[in-house]
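See structure below.
Chain lettering (A, B, C and D) follows the sequence in which the chains are written, and residue indices restart at 1 in each chain.
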């Protein structure tokens, strides 16, 4: 396990050749997606300080764009499977529309290396974007979501429980509540063992109302934990607008009340998200304690599955059959789709001269092919063996069958 | 009398009681208090009784349960529908606070509280956290709270009336897997008692005892076994606390064979208590339990459906025992 | 039960002959115990607005003084019993030092009348002061604390569970957490049935860290409940200073973050507490939602029981045998005892010309006698019948014995 | 080897493991990790390992349990001591999240977590919320977590070493009523296995099974009965999950008489599972359970001590059965 020694080997997640400074492009970037507002302790003397994306290599920027596309095309491909392939059994809580948040945050983290040095991510019931951004093996994730024996978790967990500690993806969580406190617990361990690792909890606006919200933030502050709470405010929990359960316009205000550093960012702009995350990671690694990032964002599909969606088209519209008493106005969905994270990230890269439109389109085709072959591989994988359900209860052995008396 | 869905039967009882008592409240999280059934008016508690009495809340099941308790202590009958994902969130509140309230106050507390706690539909694929049925045991161990678990729309309505009229706090377990059942359910209010098991079929060779989501498989197995010439007695516990020992003991005194069926884990499932009570009171009987193994439910439908007790497994166990 | 009709019969808790205005005495009162500070939405144009005590009758003021004395002498008498009477079996979490809080708050509440019209109080593991202030029968309470069959709760509950709904005292609670959310639930019922009743939760500084703190405040705010949270900040939870579990100096800041009206008051001065409580009650009754009152106060005894106390003397000093790693400095205890709620209330009444020193002393003697006879009565009451333990599990009947097989 | 108090025995194991593993953490709320025993150095984990690894926290047992889990998922062995008042506060976290973690991840999660959960001392007078012993059943029903309950200082130390070295999460129940016990406890580290019951006395007429806080009364009753000429076999469960069925079945196959003793409630107490397992496997045996009635513990010492199973009641039940 970890000890004090290796705690001091700080590895830089964005090492590699620095490209020229991109300060000249700042104005353009600001136009494409400015920070919505900032609260709490963040006070930048000028627009440059804290614009950490200025130092990113072309390679890294292109990787971020690629990650956004991977998430998007995983979603669209899976939605099409659900809508057109009667043999497909997987399901998802679609993340499309929110891609820039997972991508921007995870780009600021340490995602490979020994387990006792990488940063950890705790995800939610809507995990596919976080998982891809953290670097899980996509074909194995796709196989897991279709309950295959060779899936990332052997078919035991499926969508709401996908996990891959080898890249620091502690995993999805079907419950709303336990995860964020537990994530703070990992941060506690880092501090106790003198490691510079960081623990990140992704969470939705629905988590604000949970009692564990208080526990996580209060203790993170009291113990100054290297903990980053990324609240993706997509306005709805299930079918209810967040104003049903939260008296704040910016949920970050709730975190600021604890004396925690907060940022409210445009969750559609991966660069803004990256900047906020990088600042938070720097703070955490240097012993400066927790940060709360609220990303204003939106999901293009309904809460669960693909109702209202059409094969080959992005997004779901109209009445959600699960909603009954309330649902999202179609115009709201369309208004948000105008500020699409894929478009925004592509425009920034083109504007910054990192790629041109042709290369951008090429990359998108590469990603589509990659995802298509991931599904092809995954959907040809073997199904699980019934008796294996009795394994993995404890580290060793199996439990007895009881269903036959 | 009309064919009614499960949810309609339940909300019909709730609607009636809320009409009778203008102080009564209802709190929900994900499941809007809305139900329809062919040929009957839609029930929508939220629009009928307004948002002061019927509240849609955030993700905080502890608060939901506590609010119902607080309302009842203030003299207002109150109920909540807690979705299965949050089934154990309010556990401590019910276990250590509400359930002991009458006893610790020497009987002076007012406690017309009903917590409807959903159990999953055990949908294959949903896995571990979204497929557990285990809460019956937890709530059943608590003294001071009546715990019931209907298995038919008729009982669902009658137990709801009885729960809402009881001065005792009631945990009303709602097996979501049975939501698709329909049945003949009277329009008028009626009560199903909070302390009686239901004899679903009489027989003399073997007693099978189950409850809630376990019943459809048991009834199917009983049909098969009856077809094979076995005389099977089937008891639906219906009430977990206080368990109707008499019905159980009388049955096994006659059949001398007891098979229990739990959709939840083997260790300390309700079947353990059934076997133990009968074993203490009937000599020379033989016993067997069918249950979900002591493992969380996995996502893979292959693993999960194999692990879940079904009619075939139940019938096999019955044949071994008889 | 309650219905919409009787909800509109507003009863005044301090009716009776008004004594002359006491504005002339304001300055003196301010000297004896000024508000420590105020936060949140409280903004008084001048010192008179909100000084509700100006309108109290002499009788009511004397009653408040008497209540403080009753609590004090109940504590001292019980401590002496514990220290000197080997047959005495009761125990207590002593409230001495905090009397002005319970007294000031409950003086602003409706404490008699039909159950569906009185205000409710939820208490803590330190309940005797709240119970007396709310108006429970003291001899019966004393009997309950010594496990007598004729005690307030038949000997079932004892100190940590005393309860008397007939005066709106929902009761003590041995747990730290469930009570305050449940109290908000009663407020929810009041609002739902159109009643103008108010629900009050007393709580310690220890409750801040509980997850239920968030639940109670968030939902009270969202639903604008007639709910008053009275946090008695006596600096310690068990043996730990509150700074171990709370990043705020004023815990009220945490409530203000939800948009809840807050007051921070000097908990040693019953008049200041009354003023804050009266304002909160007015707000709640008129549909203005919740209030959070933080009373700065101190307990004179250790967390539990009478270790460190001497018979016939007030307070406990020195090392608490239960504490082990931390305990309160004796100088801190003595410093707080300089601002004793009994002294402060007596001085105010004398300064205001309500009573003179002689009458004050006389009242104290009356109270001492009253408490002495309460103990005398209570300690001669019958013990419980063993078999009765099987009753009151459900509303009717008994459960079977199981301890003999 | 020396006479050691219970708490000293436990902390000796914790101290050793914390010395071995510099990443290991300890979280406490009310009970400082301090113990002394005559002739041995005082153990104080807080001063020895510092406040980064040993944390005193606010009243939030859910957080305590979650933090231990989070630390273990991050690869750090971690333990917490949850006082009995908060025994069920973290229940949902352990039941629905931690216990399913290994299974839901297909075995990849790291889980060296130990939750020491205190059970009350059942002090007469403390009543309902402060006298419950009921958590054994709740934790025992959970799959994926090993639940143990020592009844001697020797086992307390050995089970603590085993728990801290186990890759599985462990709920270590700590019966506070036994805190006053002392015993011969080796200075060296040693393990008591996490899956074996302890045979405390061999006999052929009757098997008595209990655990934790129930053991002193059982041993006293066994002594009385032995004095009367009865040959009593006494089994201390020691491990509730996974229960050591073999030891139980072998014993009752021999004695044909089983008496279980629970300090917690009758319905679904651990004794129910013991009876059920044996009844499924041994024919022609007779069964009886002694337990706390299905009522919260009242404050009055007269009521409470009458309701709590004691040596006399146990011996009486044994005589009836034999």
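Just so we're on the same page, contacts are C-beta pairs under 8 Å (C-beta built on N, C-alpha and C of every residue); 3 or more make two chains touch, one makes a residue touch a chain.
Source: prediction; values computed, not measured.
Asks: Leave out chain A only, then trace which of the remaining chains are still linked through touching and list those groups.
Replies: So the chains, chain A excluded, remain one piece.
Asks: Looking at the contacts, which chains touch chain A and chain D alike?
Replies: For chain A paired with chain D, the chains in contact with each are B, C, in label order.
Asks: Of all the other chains, whose mean CA position lies farthest from chain C?
Replies: A
Asks: Just curious, how far off is chain B from chain A if you go by their C-alpha centres, in Å?
Replies: Those two chain centres are 38 Å apart.
Asks: Whole-Å distance, chain B centre to chain D centre, using C-alpha means?
Replies: Distance between chain centres: 30 Å.
Asks: Once you find the CA centre of chain C and the CA centre of chain D, what distance in Å lies between them?
Replies: Taking the average C-alpha coordinate of chain C and of chain D, the gap between them is 38 Å.
Asks: Considering chain D alone, which of its residues make contact with at least two other chains?
Replies: As it turns out, chain D has residues touching two or more other chains at 57-58, 60, 62-63, 89, 92, 96-97, 103-104, 127-129, 143-144, 242, 288-289, 293-296, 298-299.
Asks: On chain C, where are the residues touching two or more other chains?
Replies: Answer for chain C, listing residues that touch two or more other chains: 155-157, 161, 173, 175, 177, 209, 211-212, 215, 218, 222, 244-246, 393, 399.
Asks: In graph terms, nodes being chains and edges touches, is this line, ring, star, complete or other?
Replies: Shape = complete; every chain linked to every other.
Asks: Quick one: in the complex, what on chain C touches chain B?
Replies: Residues of chain C touching chain B: 1-4, 115-116, 120, 151-157, 161, 163-166, 170-171, 173, 175, 177-179, 181-194, 197, 199, 211-212, 215-216, 218-219, 222-223, 391-395, 399.
Asks: What residues of chain D sit close enough to touch chain B in their complex?
Replies: The touching residues are 88-89, 91-92, 95-97, 99-100, 103-104, 127-129, 132, 134, 137-138, 140-144, 241-243, 265, 267-273, 275-276, 279-280, 283-284, 286-289, 293-296, 298-299.
Asks: Which of the residues in chain D end up touching chain C in this complex?
Replies: These residues of chain D touch chain C: 30, 32, 34, 44, 46, 56-60, 62-63, 85, 89, 125-130, 259, 266, 288-296, 298-310, 313-314, 316-318, 320-321.
Asks: Which part of chain A faces chain B closely enough to touch in the complex?
Replies: The contact residues of chain A facing chain B are 89, 91, 147, 149, 155-158, 160-161, 173-177, 206-211, 237-240, 244-246, 324-325, 383-390, 393, 399-405.
Asks: Touching chain A in the complex: which residues of chain C?
Replies: Going by the criterion above, the answer is residues 209, 211-215, 218, 221-222, 244-248, 253-254, 256-259.
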